[in-house]
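Next, two complexes with chain A in common: one pairs it with chain B, the other with chain C.
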Partner chain A sequence: MIPIAYWRNRKVYTRMVGSKCKDCDAEFFPPVRICKKCGSRNMEEKEMPRSGSLLAYTKLSEPAQEFKEYAPIYLGLIRLDNGVNIISMIADADEEKLKAGARVQATVRKWAEDGKEGLVYYGYKFRVSQ
Partner chain B sequence: MEGQDPEMSRVFIRSASALPVSEYWAKSLADLMTDAAIKAIDAAGVEKVDKIIVGNMMSGYANHQEHLGALLASSLGMRGVEAMKVEAACGSGGAAVHEGYLSVKSGEYENVLVVGVEKMKDMDTPKATKALAMAESSDFTQAVGASFISLNALLMRLYMNSYNIEEELMDYFPVIAHKNAVTSPHAQYRKAITIEDVRRSQVIADPIRLLSSAPSGDGAAAVVLSAKEGSVEILSSEIATNDLIVAQREEPLRFLATEFAFKRAMQKSGISLQDIDFIEVHDAFPVVASLALEAMGISKKGKAPQDAANGRFNMGSELPILTFGGLKARGHPVGATGAYQIAEAFMQLAGTAGQNQVNGAKVGVTHNVGGVDTTAVIHTLRRVE
Partner chain C sequence: MNLNAAIFGYGAYVPIYRIRTEEIARVWHGGGAGPNRMKAIASYDEDILTMSYESAFQALGMANYPKIQAILVGSESKPYAVKPTGSILSDILGYNSILGVDLEFACKAGTEAIQLISGMVSAGTIDYGLAIGADTAQGRPADELEFTAGSGAGAVVLGKPNGKEVAKIKHSVSYVTDTPDFWRRPHDQYPMHLGRFTGEPAYFTHTTSSVKMLFSETGMNPSDFKYAIFHQPNPRFPVEVGKRLGFTDEQLRPALLNDDIGNTYSANTLIALAKVLDMAKTGDMIMLASFGSGAGSDAFVIEVNSRGDDDGYVPFSERLRNYREVDYATYARWRGKIQK
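Right, the complex of A and B next:
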């Protein structure tokens, strides 16, 4: 993680702020400058719903270096309740409950830390809600 | 077919070289690309080239080296020549050939040297995983822990769920790749494997296993493109892109970049599907090969794994793929892969493929991808009669 990039994106990482098109109402996450549906540049910030359904998941045994100490990590492809897809780490993963269609809820957890003296990064993760 | 502009040159491949993909602990990035370049230049029988293009993805991060155009030109003693690097993630090699094609076609350059190179073994596995993840968004995909292989794993799970496909059926792609690699002189893993071997191999990112993912390695391949002569002609060269962030695609199982690039390449070449004698498809993972073959209209949606299982893509069958082992068994030195595919298509069409020869091959297609179908590069090539 690049520390200043974390600061720039903090709204996205903690409140899941994406975009909404003022012309066609399409929603996007992460935020986009130009609407992918109608091409409008007339976009506004929009917080995403914090619940959705799991489409697919994977258990990653060899993550990239900043996450290697947390291996294995679980990643999910989730359809939020507004129809927007998001890829997120899954917290408190229990493979018995990780089925396609499972309801999931966003929470804020630790993502990674930059060694003993660096920053600790927090952001959204999803967990199975029922 | 579009009319030939009289101002535009035709583009021939005069020579090609492909170093065995391996772990070159004693060689540097510069050594590898220089070795491949010298072989191609000598085989072409040219004194000098007018331009050098290097395809490479990760040299800055992996080898602390950029400025690869000037580095190679210096190493070759070609003071004064134009030279630069082209980058499009794992599609860098194909993109470099594309730029070389346009240079020759423009009429401005007679001979252009294109080299694809990657030296991945200067990195340990977690660092290489980070380097590959750079094909996707740093801010929004790498930040949440998603590696490149995990994106493909999610896609594979979605694909299998959507079309009700058993995991085992996906494994025919690595089996085909390894079978063809046994007699492939430049392949990294010249060893046949079985479906059972794939099933028993370690899970990296469920459902992707060690033997269903392309390995990392070091390698370089080169071609000399010419406006005047060569035993193979590049008929068309097309690049298209798809959303960088895989999660933002409305239809994640549709390889739009491949669809666009393939359609345009076929139109410009004037050839039809029935004319194609072999395809070097980008088999980084079985799901990528499947979705690509479906995007090209070669297999029906959700049917590519069954076609593979039925033997449709074997050597000697209707449409051989991965004729020297593909990414899976020839190896996948990422930024070099697209150049390897062109070198392999050259060998097939020039009739110098040895034991891997597709008999009577006249027309071939290469498909090289950066990211998850984020950049797709298609070349159509024909033997010069």
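Right, the complex of A and C next:
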């Protein structure tokens, strides 16, 4: 990962700060500058709800190099409680519990490390609610 | 010292994964088991920052997200040697006008955080602070510490008592000496220890000294308490030290956790406190004594008030029932014990 790019986007990655259109109330994650629904530029920051439902998932046995030591990686398509769909890594994945409709909640986990000397990158992941 | 501070929220987090000590003994000792049944281990994507976040999120929710002005994180397994966990966590939680600090004192760094924030609150320099103890404890492969060195985090939100608190922190003392029972030099991956030396001259001497000092300063004695919480490096020590000080099984048993999760180091007594607060009733008195190698012990008198509305709150003991076992190879891979 690129440290400065991560730093600039850290509140998106950790606090799930997206955007909301002040004109039509549509919400987006990741944040957008122009409303995809009504075209307005009248946008504000909005933290996304930290819970939702799993729509589908996939298992990556050969992920990108920076995630290789964490393989297999589970990626979920999640509908947040405000209706926004996002893709997120799944933490503590148990395939028996990864069913469509399963309730999931966000947490913060390590995403990657730049070796032993570089930065540790943290971000949201979702896990199936107990 | 007399304190005028209170707990407004608490949280405890233990990773979902466990390894049985039989499995560790199978690999290194040809069979048998450790002093505890299992220990909790952090997943490959967990460290003390992520576990601190989990426990802090619970504690802040219970306290209804007050304006926090200090976050102190006690740990001996920080992700960075230089870069504070407290500041990273503050940023993630959305608090920036804040004191974000890391503390270290082996297994008692978490109670140091409670003491310091309670002092700041009592003095009126802050309104609310967050004290955290968290560790992904490291045990050298094949060493006896490997049986017990576990992972977890505990957090408490502290502020001035106002009648809505979960519990009051009424008094605290500390006792420290230079005792070489356990240490880790810079750049070393695993701690060193002096085996049996960690019992009598270290754990028992410091813990009994701090608790006796607490009794002396407050005029209290074991019969004044409903619960007694001691640091739990293994299942035996907390019971033995409690009995030596005059506590009964009924006072000691509710806090015991080591058999199920091992020694979570800086998180140890904070997690046990969460377990006890889950079952405590208004007016119950709690005696809590931590121990940190090197060596020292902090002791507290805590008076329970009420947790208030707890819609949706899942007690810690219930959450603990949900776990998954992993084998030694998975544990070794996740905890960086395999050189690539």
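Quick note on the criterion: the second predicted complex is superposed on the first by the 129 of 130 C-alpha atoms of A that agree within 3 Å, B and C clash if a C-alpha of one lies under 4 Å from a C-alpha of the other, contacts with A are read in each partner's own complex, and residues count from 1 in each chain.
Just so we're on the same page, a residue touches a chain if its C-beta (ideal position, glycine included) is under 8 Å from a C-beta of that chain, and two chains touch if they have at least 3 such contacts.
Note that this is a predicted model, so its numbers are computed, not measured.
J.: Once the shared chain is lined up, is A:Lys97 touching chain B (first), chain C (second), both, or neither of them?
T.: neither
J.: After superposition on the shared chain, which partner residues are touched by A:Tyr122: those of chain B (first), chain C (second), both, or neither?
T.: In the superposition, A:Tyr122 touches chain C alone.
J.: Applying the document's definition of touch, where does A:Arg10 land relative to chain B and chain C: first, second, both, or neither?
T.: Only chain C is touched by A:Arg10; chain B is not.
J.: Let me check the overlay on chain A: which residues of chain A are in contact with chain B and also with chain C?
T.: Comparing the two interfaces on chain A, one with chain B and one with chain C, the shared residues are 70, 111.
J.: Hey, which residues of chain C end up touching chain A in the complex?
T.: Within the complex, chain C touches chain A at residues 16-17, 43-47, 49-50, 53-54, 79-80, 88, 91-92, 94, 314, 319, 322, 324, 340.
J.: In their shared complex, at which residues does chain B touch chain A?
T.: Spelled out, the residues of chain B in touch with chain A are 125-127, 129-130, 133, 137-147, 149-151, 153-154, 157-158, 161, 202-208, 243, 245-250, 252.
J.: Which stretch or stretches of chain A touch chain B in the complex?
T.: 1-2, 5-6, 8-9, 12-13, 28-30, 32, 36, 55-68, 70, 73, 75-77, 85-89, 100, 111-112, 121, 123-124
J.: Across the complex, what residues on chain A touch chain C?
T.: 10-11, 14-15, 69-70, 91-92, 94, 107-111, 120, 122, 125, 130
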